[in-house]
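Chain lettering (A, B, C, D and E) follows the sequence in which the chains are written, and residue indices restart at 1 in each chain.
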Amino acid sequence: MFKCSIDSLDKIFAEISKNATVYLPVDNDDGKAVYTKWENGVKWSNELNTVKSLKDFFFPQVENLMEFKVEGKNIEIKDIRTESEDFVVFGVRACDVRSFDILDRVFLVEPCDSYYANRREHGVIISVACTRPSETCFCNTFGIDATSPNGDITVWKTEDALYWNANTEKGKALLDKLNLDECDDSAVNEQKAKTAEIMKRLPLASLTTENFGGGKTDELFNRPEWKTLSESCLGCGTCTFVCPTCQCYDIKEFNNGNGVIRFRCWDSCMYSDFTKMAHGNNRLSQVERFRQRFMHKLVYYPENNEGIFGCVGCGRCLAKCPISMNIVKVMKTIGGND
Amino acid sequence: MQKISRDILVEKAISMLENGDVCSVLGWRKGEFDYDITPAVFTDKDDIKNNFVWNDFCGANFSKYLVQKTRKAEGKILVFLKPCDTYSFNQLLTEHRFDREKVYAIGIPCEGMVDINKIKEITGDGISSIDCGDKITVNTIYGDKFDIDATNVLSERCINCKSKKHVAYDELIGDEGEVLESNRFDEVTKLEQMTPDERFAFWQNELSKCIRCNACRDICPACTCEKCVFDNPKSGVENKAAANSFEEKMFHIIRAFHVAGRCTDCGECSRVCPQHIPLHLLNRKFIKDIDGFYGEYQAGDEVGSRAPLVNYTTEDIEAADIFEGRDN
Amino acid sequence: MQRIGVFVCWCGSNIAGTVDVEAVSEALKREPGVVFSTNYQYMCSQAGQDIIKDAIKEHRLTGIVVCSCSPRMHEATFRKTAAAAGLNPYMVEIANIREQCSWVHKEMPIGTEKAIILGKAAVAKVNLNTPLTPGESPVTKRALVIGGGIAGIQTALDIADAGFEVDIVEKKPTIGGKMAQLDKTFPTLDCAACILTPKMVDVAQHEKIRIFSYSEVSEVKGFVGNFDVTIKKNARYVKEDLCTGCGLCTEKCPMKKCANEFNLGMDTRRAIYIPFAQAVPKVATIDPDNCNMLKNGKCGVCAKVCTAGAIDYTQKDEYIEEKYGAIVVATGFNPISMDKFDEFAYNQSKDVITSLEFERLTNAAGPTAGKLLRPSDGKHPETIVFVQCVGSRCDACAEKGKEYCSKICCMYTAKHAMLTRDKYPDTDVYVFYIDVRTPGKNFDEFYRRAVEEYGVHYIKGMVGKVSPEGDKLIVQASDLLADKQLKIEADLVVLAAAIEPDKSARSLATMLTASMDTNDFFTEAHPKLRPVESPTAGVFLSGACQGPKDIPETVSQAGAAAAKVIGLLAKDKLVGNPCVAHSNEMMCNGCSSCERVCPYGAITYEAKEFRMPDRTTLVRRIAVVNPAVCQGCGCCTVVCPSGAMDLKGFANEQIMAEVDAICK
Amino acid sequence: MQVKEYKPLIVAFCCNWCSYAGADLAGNNRLNYPADVKIIRVPCSCRVNPMFILRAFQRGADGVILCGCHPGDCHYTSGNYYTRRRMALLFSMLDYLGIERERTRVEWVSAAEGAKFAATMNDFAEKVAALGENKRLEDLRCKK
Amino acid sequence: MSSNKKNLQEELIRISGVNPRKCMRCGKCSGTCPAYDEMEYHPHQFVYMVETGDIEPLLESESLYKCLICFACVERCPRGVEPAKLVEAVRLAAIRKQGNNRLTANDIPALLDEDMPQQAIVSAFRKYTK
């Protein structure tokens, strides 16, 4: 374990910046924490709960895949993939780090998504242990320890110092370059205990997944509560787009007159034109679409992924849903542990 | 704090359900915390007793829900409408979007709704309870307690409330309010006075935050299209995400244009935007221009009124003359 | 995928002179959907059309693009060509590479590049075209003629003679128009009344013609074949069916000092009057501004003397709704006001008059019973100066006058000069002219006679100033040929005032949605090929409302307009324009926005049952367009927020494809 | 080095009855205007959807001009009155977003005004050229 | 037309802002001119001569200074040609040709005279400083 003072952070960022772009949560003009590129003078926000998740760095909202041109019967295809630059993201919460376990299981299994893999290879995640969780936090429900996040490097913050520990080779290589002072973990343990105490007091601390998981499809699919829960849902994509684990995308084409750009962009299962097939849409009503989102996270995903749930309890959808419908309300109603 | 107590509304809703006057009630349902209130359809009186709320967080406008809900309803639906909601209600009626016969509308006065984001700016995260009394009392899991004046945390749209008057109802609870003199165009004017470069920078910055979640569109009581042009691949403007700054602008310009003259300035778009883009400033610009060019017009003021864009006079201002006297 | 043929026209050298037609047809060959591309000297010629027809058959074309002149010129031609080859005529698009390309750009590379782009846009559009079939609508076999001058009279007679009912709406109490005010007509010098009044009688007696005199058109709705017109019959306070035209009332009425408009205010009439002896209908009219009975209820003389009991002081304006298949505009002209021409002292001296006033002064039925006497003192004028081009041929930017030549002044001035010299050989007559324009049968001969046989002094030059001095008018003018400035002491100055369309024409044009030029003359559908039709289907033009004209020209145009009307009314059904709006019921919100902007009332609503995915049914309000009524403006498509409303032939997708192609 | 002269791309929507005929008349009279002006024929100026205008800018147009019949002369009676309102509001909004107001224009050109059509296009092209390339409403994917 | 003549013609057209080609030779200017009889070349001829580039005779002619600039011709010309402005332009051309007789602001005090209308000095100043 290594230690540095909070004041020396800028020096550290400057050091990392020599070889890679650094991103970290910075307050924007509305006072909301947003991942921003570090430059001299850019200050780390005290807030870890960013508006959008880290997902964007590895799986951007819009991404060009290829270009092609058709003339007569000839198709000229242009591979526009480029090697990603090295980058480091600092200040990632435990829940957001966990989201990559979920995304990796989708994108990195064969056939591997080379666009995503490329960015994963070049990205280093430096997590920071939570000290001030929000009332909307429920990572605990999914077995995440907010006080000991994963990531290539884990950082703990106390009043005046930061404690660094590398978890991966990539992390270790980076940490070695920083030449920090070595130290023991007593301060970190003290901080962990303090945070753990707070975690117990969170309003959603008792939320459990006991009635969800693989194999629950038959039991939950036809529950009448889906209808009442979905009744207020607007069918917008806010929850999907702020979610760190939602990974659905649509592939579209843009014809600029001189050629076609094939790109992908995020899609939402809440949208009426989601996964349109030859026969049209396979989920015609909002109830079906609403159910899909939650069944996927809480039943289908764990069923296919050794019981791992598709939600990390980051709480963004709780904060952002225009009509305050969210996964917690669904779990409590459908799971019956209200 | 709202003048009308929750109990009066609950009592009214239950009695109407019991008498069979209505078959369902559109109201606000209690959430996980004290502020995350969800619009809901109640059909059960115990459910109403336990879960119906009416407090400073009941911002949701039910008018748009009536489009879908009246289609399926067997009998009448009881809906509670705040003054600003009634304008949307009338506008939807003007556009024949729901059957007035299927609705029993109760107007309730509103003292303005508060913005949880503004509260959190004061209290920080970790709210454990909020009590909407004379003062808004907030307790946090960190043991802090705050007494906040509601006027300091009113949502933007309520600070510039245009009207406390109900323009539509079957029954009114509480007193009849009045149309207010508001300063709602001040921000628009401020923008107009900037240089084009500044305006461009402002909107470029704001609109680039857009994640195209469509929350603004989907909450908007004027956006009730059976199929939105942005979801229709044949429309030529369909897109799911803004691929670049053009598409960010395209979506918001076209959306604002489509609701121009029909937008009642309810402010829901800005309220729900997860990125806090001041979308109402687009709609208000149209309202301000319409007022300035064609005379004052409030969408939804009365049912059947002719919206400015489906109307004209032979003396209307020429597009070439709109900037006269404004040189930036 | 379409199979498109591209046909590039050279239009002789009109296009080929500035556009490399070979390069255009080569470039367009590579566009998506294009399977054939060629160019030819004159695509609109029979040989050119045969190329198109053959290509359609040989290459199984599903759409064609003709790069040629304006679609306003030959779109119809090429649509017919396509139809003849079995292709739907609406699968034809025109790229306008003449009027909007070769004629406005001078350099070959630029013209060629633009022509290619315009061609690409047309190809992009055709790729999205769909075959369209026009609807049909019935024809109301009646015509309306607006204006009862010689133009309106002749048109009405010709249409009625063909067996169709015609209504004439005339603003004044009688038909006859300007011609009824004229004395003689050039170049034959026959008496205007002698040739006009029999025609007026024919109109009055024709069983197929009705006259609405003292009436105006107040509203026009509908479209070709199906116009709904509201006619406002102004109250004349005399029952037309009872009045015998005996004229007793017009002699007994005590209000004697009303300006007589028929004589241009040069004498007076009574408050109840018949404009002139041969008026049709010969019915008295009370002038409400001068009638004591109507103004303050005191008098009633006319009612007392009327043995027929025709006087009705309580008469009200009446609105009559009629249906017509065709409308002819024959609203005629007026001399312009002389108010702005101070230099000619028109407002200062009674002895400066306009030519139309001169016409009345020499007319046997006029204020002087045909004797040429000065208005000021009733003396016989010894020196008369005629001034030509007063207010005609002025610069467009000038505040006074008109830019055009009024066409008739040269001839009527020659007529006036000649007649004066003929009747009063002792009179000196000067005519100041800029040019004497006499194209017309026997016109120049007529003018030369005035000079050679009658000794009229024609002076090339313009009058600069007229100043009244004592009982004389000092006319200061230049004689350009002699290079002298003249000062003539004249007794009478006659101004050949420019003519302009009647003021009522502008509002009428708006009602009819017929277009006008900047001078308020009605625009013809084509200046050469369709000179008597307005661009608005079913509206035809007769007489001076379309441009300055003399009587023979007016009569021939009147006949031509009648022939067009007869051609229209002879049809039982009209084939409509298939480029109409239609609403996609799945997307329609039923919000009524489209209905509110539709100028034709073509959109109605119906409750339609939809089958929902969950097998329930849902009734929704949706818009329905009546294709026979829709005229295809497309206004509804823009107010429709969901895009449910689209316009066939000009669909959103098609226009955007054009935009894309142009901006590519 | 030769500097390539900047040529703006201008899309002109012309109503069939007046302005398109006016453009034809300009051609008949051989009145020059820049070849950068490309005309799209629409039945009436009221057919022009704001989406078309934005689309043109997206695809690389530097200026968009709408020509219709003079107010009161619309072939369809009232179409251009609606156009006038729509465009006044749309242009005001574009200006509000910081987009140069000289890039958009509405002009009433009758069938008789060939000279006005040419003069308008010359003037508009000149104004747009002075602004330079359209950067504020561009879609980089459409750049060559 | 020689290039000299052409230059002079263009100069006159530029100074006056008059387009002599608009003239339709109606002679109304000459018909209206109060100084007609004093002139060797009459207003319509003036316009015509400028149009054809025959300007030398005008520069030499006394007519130039007989025009009162009363603007009657300008007012009445149906084609908006404005002959008086052309006369004025030719005068200026003549003045420029002579050189040296310009007026500077410093010369004015000496010219002031009780009987001389101030307006005359001002207009002279305007004219002779051009």
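Assorted remarks:
Just so it is clear, a contact is a pair of C-beta atoms (placed from the backbone, for glycine too) under 8 Å apart; a residue touches a chain by one contact, two chains touch by 3 or more.
Just so we're clear, the structure is a prediction, and the values are computed from it rather than from any experiment.
Considering the contact criterion stated above, the chains in touch with chain B and with chain E alike are C.
Annotation of chain C and chain E: not jointly contacted by any chain, touch as defined at the top. Counting C-beta pairs in contact, the chain pair with the largest number is C-D. When every chain is represented by the mean of its C-alpha atoms, the one lying closest to the mean of all protein C-alpha atoms is D. Seen from the C-alpha centroid of chain B, the farthest chain centroid is that of E. Distance from chain A peaks, on a Cα-centroid basis, for E. Note: centroid distance chain A to chain C, computed from Cα atoms, is 72 Å. Taking the mean of the C-alpha atoms as each chain's centre, chain B and chain D sit 36 Å apart. For the pair chain D and chain E, the distance between mean C-alpha positions equals 43 Å. Separation between the centroids of chain A and chain E, computed from CA atoms only, is 84 Å. Residue positions 254, 256-258 of chain A each touch two or more of the other chains. Listed for chain B are residues 229, 235-236, 243, 309-311, each touching two or more other chains. Counting partner chains per residue, chain D shows two or more touched chains at residues 50-51, 55, 59, 72, 78, 82, 86, 139, 141-142. Contacting chain pairs (ordered by label): A-B, A-C, A-D, B-C, B-D, C-D, C-E.
For chain E in complex with chain C, the residues that touch the partner chain are 22, 24-33, 36-37, 42, 44-45, 72, 75-81. Chain B contributes residues 71, 94-97, 223-229, 232, 234-236, 258-259, 306-307, 309-311 to its touches with chain C in the complex. On chain C, the positions that touch chain B within their shared complex are 586-593, 596-597, 605, 618, 620-621, 639, 641-644, 652-653, 656.
Partner chain C is touched in their complex by these residues of chain D: 9, 11, 16-18, 20-21, 23-24, 26-28, 30-33, 35, 38-44, 46-52, 55-56, 59-61, 69, 72-79, 82, 86, 110-113, 118, 142.
Contacts from chain B toward chain A in the complex involve residues 29, 31-33, 36-41, 60, 65, 121, 124-128, 141-142, 205, 211-215, 217-219, 231, 239-243, 268, 271-272, 274-276.
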